[in-house]
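Below, chain A partners chain B and then partners chain C, in two separate complexes.
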Partner chain A sequence: MPIERGLQYLRHMQRVTLKNLPMPLEKTDKWKKEHPDENTIKSIMSRKGPISRNSLPPYGIDPIQAEGRLPWILTVPKEPYYEGVEEARQYLPISLRTLQRLIDLRRINPDKPVDLPVLCNTKLFSIQPDQRQFGLQLTDEGADLFSTPINLEIQWVASELAIAAIERCGGVLTTRYFDPISLSALVDAKKFFERGEPIPRCDTPPINAIEYYTDPKQRGYLANPDLIREERQRLAQKYGYKLPDSSKLSPLFHLRKDPRQIFYGLEPGWLINLKDQTILKPTDNKYQTFYHS
Partner chain B sequence: MNIISNFVFRQSICLSTRHLLINSRTYKSNLSYDKLFPNSKSLDILSGPITAPTNESTGKDKFNGFIPTDITHRHARGPGGQHVNKTLSGVEIRFHIDSATWIPDWIKPRFRDMYQSRINRDGYFIIFSDETRHRLLNQAQCLDRIRALIRDASIIPKGLSEEERKTIEQRKQSASSERVIR
Partner chain C sequence: MIKSLSLVKILRQCSIRSIRHFETSTQPPPFSSDSTSNPISQQLPLIVNRQLEYPHVRYPPLQAWLETLGQKRDEKLGIVDLHPSIWQTSPRLDILYENIEWQKTYKKIDWAYTPPHHEYPSMRGKPWPQKGTGRARHSSRYDPQWKGGYKVNGPKGPTSFFYVLPKEKRIEGLCTALTVKLHQNDVHFVDSFDLPTHQPTYLQELTEDRFWGPSILFIDDTDIMPHNMMFASAKTEGFTVMPVYGLNVYSILKHTTLVLTIRALNKIEKKLLHALNSYDTQKDQPAPPDEP
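So, the complex of A and B:
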């Protein structure tokens, strides 16, 4: 009983004051300082700012150090409209209409395989490898006008209609990747041979391009030939034309470059001497293993 | 003499490049096609075996999506002045249903029932498209629609099984008995 306890204090203590008497912990001043109640908190805190308005800054930001404002790095907005433009690959467009026009004007010979050096020799396209340009892309304008079978090798195709337009006339399309060093050799072939450098070995595409060039739907050069045949049949049924008989085509239509090869008929590592009309081939073992790997 | 020898020299160079291109003296790196795809049935894109349907389905089977392609016919429609009159970008496809061997026989009567409005008095099924600016795309749309219509006609509803019929009957009886009592 509390009365008994009080009498015991009187018996055993020298001096009894308010400060001497033992109190429950929650009523001591020390405890009250460490555990302020809601009203004291409100009187200490500011009446304005995000804390009083129940809107604290997001996680990871100290509200006391932020002094009621967001840190500078969060107040300044981010506008990533041109993010990744330094690494983006550019392809110059060539439409089916211009292709047909070049064939009609006899600037391109459709009986031979048409690839990048043939198209660059027409001097209609100025491809600059140091400006992140990686070749040509085929657009589908003029899909109804196109009517010659050709063996075309291009760097990018965006629309299925362009692929269908070429295959409908009996042609073949492959998309091919060239790295910038090989591209500078292809864009102006004569100038490259006059420089006196061996033909470079083409690199494999970068990681964000591998999915495109192994896709049979885009006729990538690293795609499985079985799947490419299926896709040709699928497109023929979708667009309503008949695939021509492959045995009636000239053997130049079956011609395809090796993934490391840049020019038709020339291997990487060879040195072309235009003046003496000769080709120099490396005989050393290490060069041979490098250029055949 | 000089001119003739030059001509002869150039001719031989031309022949040799063509020879180079066609000859089987090919360059094979580590990434050549026979190493990348050792299990492929044929490395040539143009010729080789295909698993997709290349022939029409015969009379009793399921429709396999193959349409023989000699049934098209082009003309144009709509406003646009000289351009629309000159360019023929509309595509119309007609075929006689009864004599079409590429539609399975059991689908034909259902097809005729479902799409009466597209069928002619002579029995020709007509479909037309001029929604895009390219003839090829309109052609693709017509054929796609034909395939979708045939597949819709080939779906036969499953019907109710014995147990389902019994449960429905029981539910009806219990509902009617409640009504009578009340």
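So, the complex of A and C:
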């Protein structure tokens, strides 16, 4: 007990008098030396410089180390509107007008699913995965002109009008995510196959994109197909067109890719030999579980 | 007893004075029935228990001897109970230091004054021309570098060092001073200050026999003291007599021993306990003690 210990000391020690009391620490010379007040500092300091001229930097900055200048971190301006620019995803735009034009000029075959490698083979788009570009996005310029049913797979759609324009003609749209490694395989497919690497497995989208790709309104590839059907009906009512019967559609429009699949018809993990025109598939259980997960 | 009452009123206003007509104190001691008779003739012990207000949660009451000044022989009359929240607090020497410093500095006034330059004689002219004489160049006779010149930022007028130490610190200072004295065997409790003779040698020899130290502080509850006590303490160096309202940390520590009467003890405990257990708002405070 602290009280009893103190009183025990009192009983054994000298009598407490006016001269025996301990001086508080703040009044000793040692303390004053270590903690000089403003006036002593000013009298010791030089007569020039920011201290003597009342131009000290803001609090938190040591004026002696700063040597009269502001530290570098304060001289460089802040541009908060560029925050997050290193993590932002970029999508190159492709309009419905160009799509229609490409179909009319017979550079794209509408009888087959229109995919990213198909669009990149036209050599109109240069997608660079290392520049944080994640594919193509559909813009709604030329929505009135569009008039062919296609099975389109695109990476991003910003407007409902574009979706409506495709579905009015009887087409089908899905938004799909590709991570940079699979993108580099898709963008230049021939070069990728010449490299001799197995087909990569596509990763799940990042956390800030999961909400987009599970949204039926954006026709995400992870969304519930029943909800997508509802949304198609809703859009048709909103924009005033009639949806064609789903039973009359050709099997083309039912083609979808697996979330891990990159190429139509090719599974991840397969090695393609262009010279011998063969495909090598892994037999080990380990690889099969990994690529099929 | 009309004479005594009027005298009491006059003397209450003045400082401590002695009354030649009375040999004993104006009020009889609390426990004895016959005020004039020698207390030793009664059956001992006189006190064993004392009821304490606001009993402490943790500690039991402390105990001290009750002594007399009525006879030279050191005979104990009984045991006195003491409240632990006054007499057994932690020995905070830093609070004692603060109290003593306050007592010293709150009365201090610094009268130093150096007149500024506009209170000096006129300084219109140069004492000698700028050039020609072999002397240094000056603009006025009363500049600070001159002997007898004005001082720029010197002390200006009476400055007071008055401040009031917070109430809690003052209360705790008194409590710690009392505990310090008690636990170093420098406190003695006495039934009253009735002495048989007015000779100062009686008191001096009594205190020497009992080893009560060169300087003693006698505390009674009122400021009217019996004549014998007054005379004896006035003639000896080191003895001071004080009422309860004059109790302060500086005096307690300056004198080597404290001698309290039972009446003074009661009053001190009542006041301090009331202060220790009171709250900030006026409404919640318990009733103040009857006497000032």
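The criterion applied here is as follows: the second predicted complex is superposed on the first by the 214 of 293 C-alpha atoms of A that agree within 3 Å, B and C clash if a C-alpha of one lies under 4 Å from a C-alpha of the other, contacts with A are read in each partner's own complex, and residues count from 1 in each chain.
Criterion: a contact is a pair of C-beta atoms (placed from the backbone, for glycine too) under 8 Å apart; a residue touches a chain by one contact, two chains touch by 3 or more.
Just so it is clear, the model here is predicted, and its values are computed rather than measured.
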* Would you check which partner chain A:164 touches, where first means chain B only, second means chain C only, and both and neither mean what they say? => first
* To do: Name the contact category of A:24: first (chain B only), second (chain C only), both, or neither.
  => second
* Does the superposition put A:2 against chain B (first), chain C (second), both, or neither? -> second
* Name the contact category of A:153: first (chain B only), second (chain C only), both, or neither. => neither
* **Greater chain A contact set [chain C / chain B]** => B
* To do: Applying the touch criterion given at the start, work out whether A:115 contacts chain B, chain C, both or neither, answering first, second, both or neither.
  => neither
* Intersection of chain A residues contacting chain B with those contacting chain C? -> none
* To do: State the interface residues of chain C toward chain A in the complex, per the touch definition above.
  => 88-91, 93-94, 96-97, 100, 179-180, 183-184, 186, 250, 253-254, 256
* So in the complex, which bits of chain A are touching chain C? -> 2-3, 6-7, 9-11, 15-18, 21-24
* **chain A-facing residues of chain B, complex** => 13, 17, 20-22, 26-33, 36-37, 40-52, 54, 65-67, 69-70, 72, 87, 89, 134-137, 139-140, 142-144
* Structure fact -> Seen from chain A, its contact residues with chain B in the complex are 112-113, 140, 143-144, 161, 164-165, 168, 172, 174, 201, 204, 222, 224-226, 228-230, 232-234, 236-242, 246-247, 249, 251-256, 258-261, 264-265, 267-268, 277, 291-293
